[in-house]
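Several structures are given next for inspection.
In what follows, subunit A forms one complex with subunit B and a second complex with subunit C.
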Partner chain A sequence: MNAVRAEIGKLVTLPSLWITASLTLAVTLLLRVLGLPGSVLLHTQAGLLVFGVLATAHEYQGGGQIRTTLLATPRRLALAAAKTVALTLVALPVAGAAAVLAGEVPATPRVTLSMLVAAGVGGIVRQAVAAVGIVLTAYLIVVPLLAARVPASARWLPDTAWPAAFVWAVAMVAAWATVLRHRDANT
Partner chain B sequence: MSAVRAELRKLLGLPTAWVGLLLGLLAAPALVILNAGATRRAIADGIVSDVSDLGLQNLGIGVLGAMILGVVTVSSEYTATGEDSPGARQLTTTLTAVPRRTRLLAAKAAALSLVVAVQGTLTAIATLALTRQMHGTAVPSPEPVRVVAAVLYWTMIGLLAYAITLIARNGIITLTLLIVNSAVVSFSYLLTKVTPLAAYLPDIVGAHMFLRGIDVPVRITPVTAGVVMTAWVAGLLAVAGYLFHRRDA
Partner chain C sequence: MISIDQVSKHKGRARILHEVSFEARPGRVTGFLGPNGAGKTSTLRVLLGLDRPRSGTALIDGRPYAAWNRPLTVAGALLDGSGAHRARTARAHLRWVAASNGLPRTRVEEVLDLVGLTADAGKRAGKFSLGMSRRLGLATALLGDPPVLVLDEPVNGLDPAGIRWMRTFLRDSADQGRTVLLSSHLMGELAEIADDVVIIDRGRVVARGTLDEVTGGHPTLEDAFLALTAAGQPW
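And then the complex of A and B:
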């Protein structure tokens, strides 16, 4: 429980996450007011994905906070679990606020799950810029293209169907936990 | 010249740059294959306004690679070199070696343009050859001038990403902005539905250099498109150069 509280404390005090969240919400509102045709969340989801990536990748940025974290919480799988719970609790209201501003409330769970996928990739890649490139290309370009061109794939894509979104989130978080467990934290 | 060589080696030594290189090279040909069925149907139904566009249209997705290259050229300099030394960045070393900042920026831009132009040329050739292979004469090969214009567009997008990252000094912001804008339903394209002026945003106007049948509210000739695009890139590079010259590194 302490670990979860610590992780929440880290997430809600990180300036880069505050900046990402407020920029995302501001842009969502702006696009809604402009009356952009189509789904607004389709575009501003990018900000939420960046949020997810930063939530895990920030530990590996200059300063190497991950070493302090591991010193305090040496059991790595427990740490991964605490981080996942903390991120879900923090991501839900952010995703919810974005969905409300975009007028697409039912999308909240799907978007929250996509943030967990982004966090998994961020934790595996450990390089924020590279992880952002991968996650955004996947969600904003590859997924819509595949869904449009190969309709049969829509059931399996992380951003189109409900069960698939859940499976992708669980799979990415599990992969990230495995990497955290077995890989040297310094490399 | 030695500065350009050094910048080339630095750029090609970055793992993320290779992500950009490979993504740029492979995305467009992959899209040709993915789009093959839809393209055939579109030609058969006669809903394509300009058939000669089809070969070049799929190239657009590959500029993602050029964007990533433009971003990492700068963002790698500002990243902390090690976890133990969060204040130490490669830029300090770079500026010690090449103290004249304008010269450094020019060398970086030259190295980036070279890499991106080679990437663009290879991708354009591969994409057009693959299109010919899959559709035969149903999709006529575009005139060489248009292919050159496409490679030019490709290079300018790389420079645009470079300039924006220099201004923002943050790879994540620039990359997010650029990728959101190259999504399937591009953000600038949607803005053209709100105001016709959005057709002059760099990514939309630049595409007019080599595509004919773009659905926007204003008519833009390829030459105008080239001029406006160059103006965007030159303007942003000038701002970036001024800031880089004036700000503390």
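And then the complex of A and C:
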């Protein structure tokens, strides 16, 4: 519980997260008002994915915060669990607000889960820019392309059906927790 | 009490620690001395559970650091840099660390006052000078009022007043019964403060004992250090 409180504290006092969230919500509203055809979230989900990446990758940015984190909560699996719970609690209202502004409320769980996938990638890659590149390429290019060219794949893609979105989130978070557990705390 | 027993570690093929063993006792300042790259930081990182050894054990009061609940109340660590994200304020940083170990928020203000950062607590850690970063790192280490302090090159980047302050602080901590382990490559600095000395060179402990024992027949600790390590070899 202490670790979850600490992780929530970290997320809510990180300026880059709140800049990302505010911009994402503002652009979502703007696109909605402009009345673009198709899904607004399809575009502005990019901001939510950046949010997910930063939630974990910020540990490795300047200052060496990851060391402080591992000294404070040295049990790595407990740390990964606390981070996942904290991010879910913080991401859900942000994703929900974006979904409401986009007029796509039912997409909330799917988009929240995509933020957890992004967090998993951010925690494994540790470089925010590289992780953002991977996640945006996957969600904005690879997934739509596969869904269009190979319709049969749709039910297995992380961003088309929400049971698949759940499985992808669990898999990425588990992969990240495993990596976190076994590697030395570089930087 | 810190007990390091037969710790070995590899990085890739290279063996960076070779059966490192020593103890640091309560009420004493133990200086961990060695040339750059000798394995000081690696040893401290293994002790703190940040890195894994290939073999051997490193215990704090009888248990690995990572096995303690609320570890910040058992040992405080000052490593390179502040350990705070550059965009977070000093106070916000200390608050999340306090929360992680169930420490009260009042303790945050106490440690800020202790290291003289109260007036700058609302500034982002990235705006801090080197000296202020070290003080923020020390404040973080002291949050849990731990009986054991582990410090990696604590006076690096401090001005003369800061060095004097740190020296007095560590001396007082040991005199109050704490175990103080600090690494340094500065012999003069260490000779001023250490009760016990451990010298490491190329991953192996080459000498350990009280300051007098290690200095032995040499005129100064620096002479002993240069005689015992590769740093003394002409290049």
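Here is the rule we go by: the second predicted complex is superposed on the first by the 186 of 187 C-alpha atoms of A that agree within 3 Å, B and C clash if a C-alpha of one lies under 4 Å from a C-alpha of the other, contacts with A are read in each partner's own complex, and residues count from 1 in each chain.
Simple rule for what comes next: contacts are C-beta pairs under 8 Å (C-beta built on N, C-alpha and C of every residue); 3 or more make two chains touch, one makes a residue touch a chain.
Remember, it's a predicted structure, so these values are computed and weren't measured experimentally.
Of the two partner chains placed by the overlay, only subunit C lies in contact with A:Leu14; subunit B stays clear of it. In the superposed model, A:Pro74 makes contact with subunit C only, not with subunit B. By the touch criterion stated above, A:Leu29 is placed in contact with neither subunit B nor subunit C. Within the superposed three-chain model, A:Leu89 lies out of touch with both subunit B and subunit C [touch as defined at top]. Once chain A of one complex is fitted onto chain A of the other, the partner contacts of A:Gln61 extend to both subunit B and subunit C.
In the superposed model, A:Val132 makes contact with subunit B only, not with subunit C. After overlaying the two complexes on the shared chain, residue contacts for A:Ala3 are found with subunit C alone; subunit B is out of touch.
The interface of subunit A with subunit B overlaps its interface with subunit C at residues 61-64, 67. In the complex of the two chains, the subunit C residues touching subunit A come out as 45, 48-52, 65-66, 70-72, 77, 79-89, 92-93, 95-97, 99-102, 125-126, 140.
Contact residues on subunit B toward subunit A in their complex (touch as defined above): 15-16, 19-20, 23, 31, 34-35, 37-38, 61, 64, 68, 71-72, 75, 79-80, 83-87, 171-172, 175-176, 179-180, 182-185, 187, 190-191, 193-194. Against subunit C, the residues of subunit A that register as touching in their complex are 2-3, 5-7, 9-10, 13-16, 58-59, 61-65, 67-75, 184-185. Listed in rising order, the residues of subunit A touching subunit B in the complex are 34-38, 42-43, 46-47, 50, 54, 60-64, 67, 127-130, 132-134, 136-137, 140-141, 144-146, 148-150, 186.
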